[in-house]
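First chain written, first letter: the chains are A, B, C, D and E, and each begins at residue 1.
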Amino acid sequence: MTITYTLDVSTSSFTSFTKLLFRWRGSIWKSVYKELILWLVFYFGLSCVYRLFLNKEQRAIFEDVVAFCLKYTDFIPLTFMLGFFITLVITRWWDMMRNIGWIDNISLYIATYIQGKSERARMIRRNILRYAVLIQALIYRDISIKVRRRFPTMETLQAAGFMSVKEMEALDSIVSPHRKYWVPAHWAMTAILRARQEGFIKSDHAVQDLLERVRSYRSSLALLLVYDWVPIPLVYTQMVVLIVRCYFLLALMARQYVTSDTRELKTASPIDLYFPIVSTIQFTFYIGWLKVAEALLNPMGDDDDDFEVNWILDRNLQMGLSVVDDAVGKEPPMERDMFWE
Amino acid sequence: MTITYTLDVSTSSFTSFTKLLFRWRGSIWKSVYKELILWLVFYFGLSCVYRLFLNKEQRAIFEDVVAFCLKYTDFIPLTFMLGFFITLVITRWWDMMRNIGWIDNISLYIATYIQGKSERARMIRRNILRYAVLIQALIYRDISIKVRRRFPTMETLQAAGFMSVKEMEALDSIVSPHRKYWVPAHWAMTAILRARQEGFIKSDHAVQDLLERVRSYRSSLALLLVYDWVPIPLVYTQMVVLIVRCYFLLALMARQYVTSDTRELKTASPIDLYFPIVSTIQFTFYIGWLKVAEALLNPMGDDDDDFEVNWILDRNLQMGLSVVDDAVGKEPPMERDMFWE
Amino acid sequence: MTITYTLDVSTSSFTSFTKLLFRWRGSIWKSVYKELILWLVFYFGLSCVYRLFLNKEQRAIFEDVVAFCLKYTDFIPLTFMLGFFITLVITRWWDMMRNIGWIDNISLYIATYIQGKSERARMIRRNILRYAVLIQALIYRDISIKVRRRFPTMETLQAAGFMSVKEMEALDSIVSPHRKYWVPAHWAMTAILRARQEGFIKSDHAVQDLLERVRSYRSSLALLLVYDWVPIPLVYTQMVVLIVRCYFLLALMARQYVTSDTRELKTASPIDLYFPIVSTIQFTFYIGWLKVAEALLNPMGDDDDDFEVNWILDRNLQMGLSVVDDAVGKEPPMERDMFWE
Amino acid sequence: MTITYTLDVSTSSFTSFTKLLFRWRGSIWKSVYKELILWLVFYFGLSCVYRLFLNKEQRAIFEDVVAFCLKYTDFIPLTFMLGFFITLVITRWWDMMRNIGWIDNISLYIATYIQGKSERARMIRRNILRYAVLIQALIYRDISIKVRRRFPTMETLQAAGFMSVKEMEALDSIVSPHRKYWVPAHWAMTAILRARQEGFIKSDHAVQDLLERVRSYRSSLALLLVYDWVPIPLVYTQMVVLIVRCYFLLALMARQYVTSDTRELKTASPIDLYFPIVSTIQFTFYIGWLKVAEALLNPMGDDDDDFEVNWILDRNLQMGLSVVDDAVGKEPPMERDMFWE
Amino acid sequence: MTITYTLDVSTSSFTSFTKLLFRWRGSIWKSVYKELILWLVFYFGLSCVYRLFLNKEQRAIFEDVVAFCLKYTDFIPLTFMLGFFITLVITRWWDMMRNIGWIDNISLYIATYIQGKSERARMIRRNILRYAVLIQALIYRDISIKVRRRFPTMETLQAAGFMSVKEMEALDSIVSPHRKYWVPAHWAMTAILRARQEGFIKSDHAVQDLLERVRSYRSSLALLLVYDWVPIPLVYTQMVVLIVRCYFLLALMARQYVTSDTRELKTASPIDLYFPIVSTIQFTFYIGWLKVAEALLNPMGDDDDDFEVNWILDRNLQMGLSVVDDAVGKEPPMERDMFWE
């Protein structure tokens, strides 16, 4: 579910952003707490071993390993790689959001251009609208695990009212080795032309406009398919995931507090803190940043921040039917407005 | 309110930009002064404790903590994180500005295409225009706390002249579990078609153009809704806010001036300044940068730099009515111009 | 005035780019020389004080202050802040350039679609064209100090031929609390429709196309208004200006050459140069970079690199009238071309 | 073949991304293992030489060379150059993907606008569709080595059904010194106009829409040609490839573990690891990053991550024919839907 | 001439990219070799002076200057400035490429919409096409030195067949203080309307489409003019050129290998290499990067990587005439395709 916090940040005050830090759903805390605890467990394990179980020679080796790890974590350019990667992921994520497929324009055009309150006119309007939503349902099923879970089979789609039995049969009657997302689009476009021939649409301009709306809506949804089919190259994603994990694996040793009475240690911390405060902060930042990327990589998935695709489907069908049927004929009369002179 | 300073920077001279630094409204000074004072209070508190109340051993510990903090602030990659975040926020902010919804194109097209000075013609023109502004008012109410405060209920919208009583009833008569921003769009589009049927519009091209203008205007406003509904992932925002605050929390200790007669301190400053000049500059910069981001995160909010949404609403209604009604028929006669040969 | 040097860099040779360095108009030298001289004066002042007037203890303090400043200039992340800021400024500047408002498309469409060499036809063509340029003149007056200086009053605009006396009266007769940039657009669009009714335009497609051209031209100009009204947030600009100045204020001390016979100085330069060569280079770079940003912040202003808005206005009017009037009827006859077989 | 892993990352959990690391096809491991092994072989070779074969003086020289290489690898700004380059490559790669040329819109418009089930009507629809796919086949042959391998000659294209013998002759009869990708576009557009003249298309709006679809599809494919013809400047690509290789060439020496009993070495590692763990990680990262860029530079090529152009060609032809022929007339009847009231 | 290497990088293998490094035309080697040799000559000159001609005191001064230069080269942020600048230059370069002006769409539309094989019809088609190419020729002459060299006068353009004698006279008969690129566009558009009046074009939709094609083509070319007229601000270009040169001027001293028996040198290299390997690599990289920028700054120029504008002009004219004349009437007959059932 999308996490909205825009209202909370209406003003840029200290308190409003402090409050923001204490949210849990979709928060950085929820993202990282499990992995942070795991990391700390290992950290304290190593710390205990060093402090309690090792003899002098072993401690010396331990200290050398710490120095070694500390020296080499510098070679890992975490910040930039993450920065470039996040920028890429967010660009894709937002482009998907912009092409998520709202039914509003189609439904308003249908309600405007296809006239009459006769049963036939209503049927044409409702069916074209439903076909449009059906395209979305078919495509969402293939790219979102949430929608797939809700509609595991075509029958469940039919039972939910997205298509009738006859339509399901018509869909099945098309034999093709490829996905058949285009079939409801074909039905919708043919129905528009038929409405023109039957006189429910009064002009060819209207046909042009209606087809354009269907096309632009279908193309948006097709773009979602492309985003699903061609993700960021696997090498890139693997590299980023790997680099962050390696960094914190090395940090397990590199950030140990070591002290020695017998020899001078460059890596000795000025004070001996039992809890690695700064490393914890750093872990929260970097892993949090990585989690942003991971969540947005597949925004049709199950994360807190993912798009509410099921809600969009329902909303499109319900609102669409309201627009093309309920609202038609309920326009207010033309009257003088308040500022009339 | 938007802070305009474009005129002041017509030339890139030293003085013009120096003057710019002394502005208060929407300035960096106004953004950071409260938090800077708070930070300095804590800083001087700690400084006093160190200088006045601690004994030698305690001072040594204090100095170690300073060294510790100084060492670890390096691990926090403030600049890049802020840089990437700001770039993202500004991109979104500007895209919202570009889709803020100006009525100009719609109103000019209405005035051009819907002809006649009869009462009916004027009514149609004025009503379509008003419906368009009403969409904006309804959407702004849900995304801007300023507009919501001005129009807490539908009745207040009606009283302000954005809709008539009958229109409010018509709006209420549509039953839908979803937001009804589309209803005035439906009215406007239906009114356009009716005007065509009644002969006020002379061609189907005009219908096509007018609907396109309504669609493009409504889509812009719908995009604002999407920006409101799907903000930058909470994790990202939290992370940036957190990282800056942690940095300056560590800096409270890290930037203390410490001196010691008895032992050599790597962190000792060459000179003992009682006031942390550079840290203050740095604080101003980083917190100022963060404040830019915070203010632009929700540009429909209450900050100095936020969009003047209420003014836009009023301007759209007033100017729109001027265009579609007052200006019609006042065109100057066709004459030879000054360069006629 | 725009500084064009594209021709000089046709080839990427050493000499062509060396020659480029010796240009003065719009150059980095012209941008920074005043402030560089000022900075050097202060620098040498401090240097003299140190070398000539201070006693041993004072010199020691001076050297400590140098060490202090040198240490802390590192905390100021100049490069990135400037880099991000410049990128933002240039993006905006170029988008403004792309929307500067050329009359070409409108005038070509008018000349094509509105037919006839009768006085009435010529008048319609010329007037629509002039109205379009008038929109630009009105908008430029409000966003460019150069155009405002040239046309301080409406009367001056009228005297220059951008509008007739009757048109100025018609403009004044519209009462509105808001800016009236839309009025000439309204006239142009109404004139197009009237030309259709009078038969000078032969089809409704032509009306659609002509209105679309006016709309797209007017929208470009309106975008300029938005850029003028909503600049980069003041905080951001102030921050960048401030950070660069603070940096070079600190550098005044930090870059002093200090030597000491009595104690070891970490900040001592290997050689004692009386002139701070590298700091001068650095000053030229950073201040030059900042100057780019300052000049492009308001490209309608007075800087060397600013758009030649007055020239654009004149060119639009003169060329537009040539297209819609002089060129009409002077098309060459249809003939076989050279490659005809 | 495109590597899809979107489904695996539906949730941002630790395990899902861990699993991702163990994929082989298109993975970072597959990309780098050969070069990593090569590098390690040389590394261990040098290491053996140092440890086993050198005498004291030679070891000293070896250690100096190590110190020298370590010192100078810092001068190579790997991360940024790679970051900027990757961003550029990915932008181009994605723009190519968006213009890869789907037949869906054209085929749906053909099926909608060209009516009738007569043989002539079917023929027109099928032929226009096939011409469109033929443009793609001709262009793909010239930019993708995979498609060229599959269709080495025009005859193979003809044999695969993309064109008939007569069409091949017609194509050959056009004499031109330039590539003839436009010929099938010309046929398709002429066929559309002929269909209008023969009455299969009922309105001029339909002609306009169909031509627009062909144009937009052809322009997308033409953009692919431009991307193929004007790659990222060779200098840039060479520079990035070179810089990464030089870096790891220097690293061969720079990362050797050296120890010395007789003199103090700044480059001595705290512990003597025989296997260069961190360098291996680093190698994997940087070379992996470079491999992303190399693979995406020519996405029409043979890499794991490259576009499946042959599949797209087949899919376009098969699906297109289904849409324009099989599906026509199989639309479901208009019925009341489940939510009818 | 454009350097294409896309085919060579079909697979991301070690060898294919190694081969890429050995190309000469448009390569990094060709870009930098002259300046590299120059730099090395100076470098070795200084090196000789130091090693052979200086006495002890002079050597000490030399060593101090080396230390001084090495210390201060760090203050020059080369990588970022170049990174930001290159990104900007490449964005502009690619946008110019996308607007370079292909005749394909116009010619296909002309061939489709303007019917008949009569001499008059052919003449109209050919002339409109030729006018479109003439716009391009006129504009290219003013922005590309290569085209200007080929067509120094209008007469040469006429002689090459881009316009007839009468057309040149018609062009001259238009008196205007401004450039007359619009005149052929005016002819083309007027010819389209005349073709409609004479019945060669059957519908007003066709007129609308044809004018739109001319407009979009002309606007692309006009954008090239704007890119030529408003380059990247001179300050920015100068700054980047200057900073790179200063860097390598300082490096001439900073990278000298100095050794001293008498005193300890921080800057002493661990080994004494007579040839500055790493500096040479670095020089190749940075100057190579700068050369990319320099070449792309004016892509209409004479560099290896510049657009082949003369070829584009010829290709547009030849291919265009093929499309609008030769191909018309040579469409293959409608037949059943191979998959017909």
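Going forward, contacts are C-beta pairs under 8 Å (C-beta built on N, C-alpha and C of every residue); 3 or more make two chains touch, one makes a residue touch a chain.
Quick caveat, the model's predicted, so the values are computed rather than measured.
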Next on the checklist: Taking contact as defined at the start, I'd like the list of chains shared as neighbours by subunit C and subunit D.
Outcome noted: E
Checklist entry - Under the touch criterion given at the top, what is the topological distance in steps from subunit A to subunit C? => result 2
Next on the checklist: Do subunit D and subunit E, two copies of one chain sequence, contact each other through the same residue numbers, with over half in common, or through different ones?
Outcome noted: different
Next on the checklist: I'd like to verify one number: the distance from the centre of subunit B to the centre of subunit C, where each centre is the average of its C-alpha atoms, in whole angstrom.
Outcome noted: 24
Checklist entry - Rounded to the nearest whole Å, what is the centre-to-centre distance of subunit A and subunit E, using the mean of the C-alpha atoms as each centre? => result 39
Checklist entry - Going by the touch rule set out above, which residues of subunit C reach two or more other chains? => result 31, 80, 83, 87, 204-205, 208, 291, 295
Checklist entry - In graph terms, nodes being chains and edges touches, is this line, ring, star, complete or other? => result ring
Item to check | Round-the-ring chain order [start: subunit B; next: subunit C] | outcome: B, C, E, D, A
Checklist entry - Which part of subunit E faces subunit D closely enough to touch in the complex? => result 2-7, 9-12, 14, 17, 20-21, 23, 26-28, 31, 78-80, 83, 86-87, 90, 97-98, 102, 104-105, 107-109, 111-113, 115, 203-206, 208-209, 269-271, 273, 278, 281-282, 284-285, 288-289, 291-292, 295-296, 305, 307, 315, 318-319, 322-323, 326-327, 330-340
Next on the checklist: List the residues on subunit A that touch subunit D in their complex, please.
Outcome noted: 31, 34-35, 61, 63-65, 67-68, 71-72, 75-77, 80-81, 83-84, 87-88, 120, 123-124, 126-127, 130, 143, 145, 161, 164, 166-167, 169-170, 173-178, 182-183, 185-187, 189-193, 204-205, 207-208, 211-212, 215, 218-219, 222-223, 226, 228-239, 241-243, 246, 250, 291, 294-295, 297-298, 300-303, 321
